[in-house]
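Each of the next two complexes has chain A plus one other chain: chain B in the first, chain C in the second.
Now for the complex of A and B:
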């Protein structure tokens, strides 16, 4: 068996083990923590989408909240105003996020570096302002609730804590396997080559611009999937999710967990969520604690937790 | 195989190449020789489509390269090893070679053939490119280019700063490529290498190509080396 196939098998084994551990954890976790994990898994999907663009392609976006909100509002508006069933709402959310990311990717990729960062931030701000402007339908910052009766799939109540947990694990697992497959494919390796040096990748015959655009679309669609799943499982759609704060969150998760690693987003989201949760029990300055943790990690593990693991222990980690 | 016809290239308003015409045939090694800043690297970059032409055209077999976007040029069977090697330094030897293999969808046979040419790379297969020695990095740059199974190979100072044994290995590989029918355009300052492996030499001076001579002609009249390079 070739080294490459061996690595792929090991990675698949690791990903399946993580999914299995998450599923089994429900049996031992107190209800409070299983609720947190369900939320963290959805945010980890968001971070995985972000990681494809930032960690693997080297494009730093400050506008991913727009993609998250596109998925959320695509689903929410379809269910709220068109009485769409959940699965149709999910497709609407994914479709809308894919469309928004395709358009924004096409426009923003005319810039590079800092300009790309600023342009994506501006698009996200424009999206947020649009949500506020169309407050009659979107309910602006206040948002709206998706009724429990609407969050049922063939009698399966998505608002129930147990169902919500397992649907979160399923969606997270599905996205983890997709990301694992993408980053180990020829396409994923080309993204890494582009991250390392665009001109060299072009010199070798790769259409850099097209690869970057596809990366934006996949990344935006996965972020949108997280937004739609969040709305469906937690029953709330609001403009807050389109603010710049929600563009920063996935960046933090990915930096903490390990940019350019498949498991980094989950580690980062878990770490950040619990750090804030635990520190807020002791002090109202919990963001200060999070800030100090970030500084320490940046100083002592600049590649993030999974990045450090890959460097020292699991060298085959994709 | 490759022909440059009255090529002119400029960096904004500064013109670097003036009316350069050259050609190289399959199974031939053409060396571009000239002082620093003469325009040799610019010529290679313009062949690769990395610099737009101000005038003239570049053709490879039936294809006008100068009409193609840069990323399409390597797909015509043209591989380029730039000065400084152009490796993906954070990636391993295996990953660097794989990125080259993916261009043509070549498989493990090609990879094994290349690793047989550079056995040292087999030993360093899982090592990151940035941790290799200069000689090993040059081998990897060559290996990545060869993994694209090129019919035209552009090499920019492949022996720069290398020890004699590595230079000999690189020379052997270039000659082997030539014997397999690959056309090679070589930019080289190492005169011994030029005299040992080149078939023809094109002198580049101040962005022009005043003379192209066969290696036999150059060996019989080494005053040209002094004239164009200022060395004996």
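Now for the complex of A and C:
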């Protein structure tokens, strides 16, 4: 067996083990924490989508909240105004996020570096303002609720704690396996090559622009899937999720967990959630605590937690 | 396993506690134990845990600070009077960052980790919308103090109630008769271009046109705007009244630029105090507001005919006759809204006592008890004024106050009737199952 196949098998084994541990954890976790893990897994999907672009392709976007909100509103508006069933809503959310990311990617990739950051930020801000301006339908900053009775698939109640947990694990696991497969495929390796040296990749004959555009679309669609899943599982759709704060969150999760690692987004989202949850019990300056933690991590483990693990312990970590 | 244990042992334990408590109660009643606290020992002395979802950070922080103080003062009062069913209240406060995602997490924390009996206190509508579905799923009574129309519109669930503060729809429609009869028939509206502003636009224009008035122009200001001069030329010349509901940090600029635009000859101006909650009316730039009118949920300045209830409420919370903190006259309160915390806590107390609330299993009984409430007289429990609670829509209705700015103070000019605030029911939550 080649080294490459061996690494792929190890990675698959790791990913399946994580999914299994998450599934079994439900039996031992207290109610509060199982509810939280369900939410964190959805946010980790968001961060995984972000990581494909930032961690593997080297494109720092400050506008991913637009993709998250596109998925959320794609599903929410379809269910609210067209009475679409959840699965149709989910497809609408994914479709809308894919469309938005395809258009934004096409336009924003005309720029690079700092300009790319600014352009994505501006598009996201324009998206947020559009949500406010279309307040008659989107209910703008207030948002709207997707009723419990609508969140049923063939009698399967998605608002039930157990169902929600396992649906979150399923969605997270599905996305983790997809990301694991992508980053180890030829396409994923090309993205890494672009990240490391774009000019060299171009000289080697790769269509860099097309690869980057596909990365934006996959990244945006996965972020949109997280937004749609959030709306479906937690019953709320709102403009807050399109604000710049929600573009920063996945960046923080990825930086903390480890950019360019498949498990980094999950570690980062978990770490960040519990850091805020625990520190908020002691001080209202909990964001300061999060900021200090981020600075310390950047100083002493710039590759993030999983990045440090890869550097020092598990070299094959995907 | 725990259930079996409980069912085996609880009756005996209860009986023993009851015997002890009855004995202690008899002795206390006979005046033999003067040092005993006021709690009725016939019930468990376990505190009633109320989860307080408070905006300590984020855009709602100024409101949150005063909601916090009002809640603390009210809990101290209720506990000093014997608590709820003889049990003291314990507040479990969690900051929601004025964010709907964190809000939902906080409600989950109250229900699953802190084991609170009820949750309460949310102001900003988006946090209510984000949290209410989780409260419903967790079967956690969720008493909001938000003034949004979300509860009465039927968009939420049976576990969400707003019994301590009136909603924006009733507030806005109650302003229409006063404005059309006293200020003018031709109105131009200036409002922020998001949901809060849209509520004012829709509810006020409908109510004002029903009074025979005309809305000449509706000027929506984008939320990112920091200067307003380009909008003022859009105000039609024949405007008799400007209705404004600008909120946020740019409001001082808005008032200053409006003053510069009109100079000495201005139309009548009517606004909602939401714009200037926690803002000192004597702040530089606000002189232009002299002679203009404001809606107030509760008059910030103690009026000449101040009720004993208003006086006691101010003393308890630590607010002076100008609506500022007694320890810092520059720390202006959010007086028009924060009474909602005080009144809601009294309603939770009344509801729990009516339902003989013992624990989480009685949550549905508590909601039914609150739904059965109707008239709430002006009292120490309701210092803002009398109210009528609609159990079907889970929304309370009450008097609204219109004040005129005179010499940098708000002087009460008109009090609406409760009837002015009523509208057709849009939902009947009592038909929803628990």
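Going forward, the second predicted complex is superposed on the first by the 318 of 318 C-alpha atoms of A that agree within 3 Å, B and C clash if a C-alpha of one lies under 4 Å from a C-alpha of the other, contacts with A are read in each partner's own complex, and residues count from 1 in each chain.
Rule of thumb we're sticking to: contacts are C-beta pairs under 8 Å (C-beta built on N, C-alpha and C of every residue); 3 or more make two chains touch, one makes a residue touch a chain.
These numbers come from a predicted model, not from an experiment.
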Note to self: Just to be sure I read the superposition right, which of the two partners does A:30 touch: chain B = first, chain C = second, or both, or neither?
What the structure shows: second
Notebook entry, point to check: Which partner, chain B or chain C, is in contact with more residues of chain A?
Noted result: C
Check: So, does A:155 touch the first partner chain B, the second partner chain C, both, or neither?
Finding: neither
Item checked: Which superposed partner A:238 touches (first chain B, second chain C, both, neither) -> second
Margin query: Let me test your reading of the model: by the given contact rule, A:206 touches which partner, first (chain B), second (chain C), both or neither?
Written below: first
Next item on the list: In the overlay, answer first, second, both or neither for which of chain B and chain C A:190 touches.
Entry: first
Notebook entry, point to check: Across the complex, what residues on chain A touch chain C?
Noted result: 30-32, 35-36, 39, 129, 132-133, 135-136, 139-146, 148, 159-161, 234-236, 238-241, 245, 277, 280-281, 284, 286-287
Check: Can you list the residues on chain A that touch chain B in the complex?
Finding: 2-4, 186, 189-190, 192-193, 196-197, 199-208, 315
Item checked: Contacting residues of chain B [partner chain A, same complex] -> 48, 50, 69-75, 80, 82, 86-91, 94-95, 98-100, 102-103, 108, 125-126, 144, 148
Next item on the list: Spell out the part of chain C that touches chain A in their complex, as residue ranges.
Entry: 56-57, 94-95, 99-101, 104-105, 108-109, 111-113, 125-126, 129-130, 132-134, 136-137, 148, 150, 155-157, 193-196, 198, 222-224
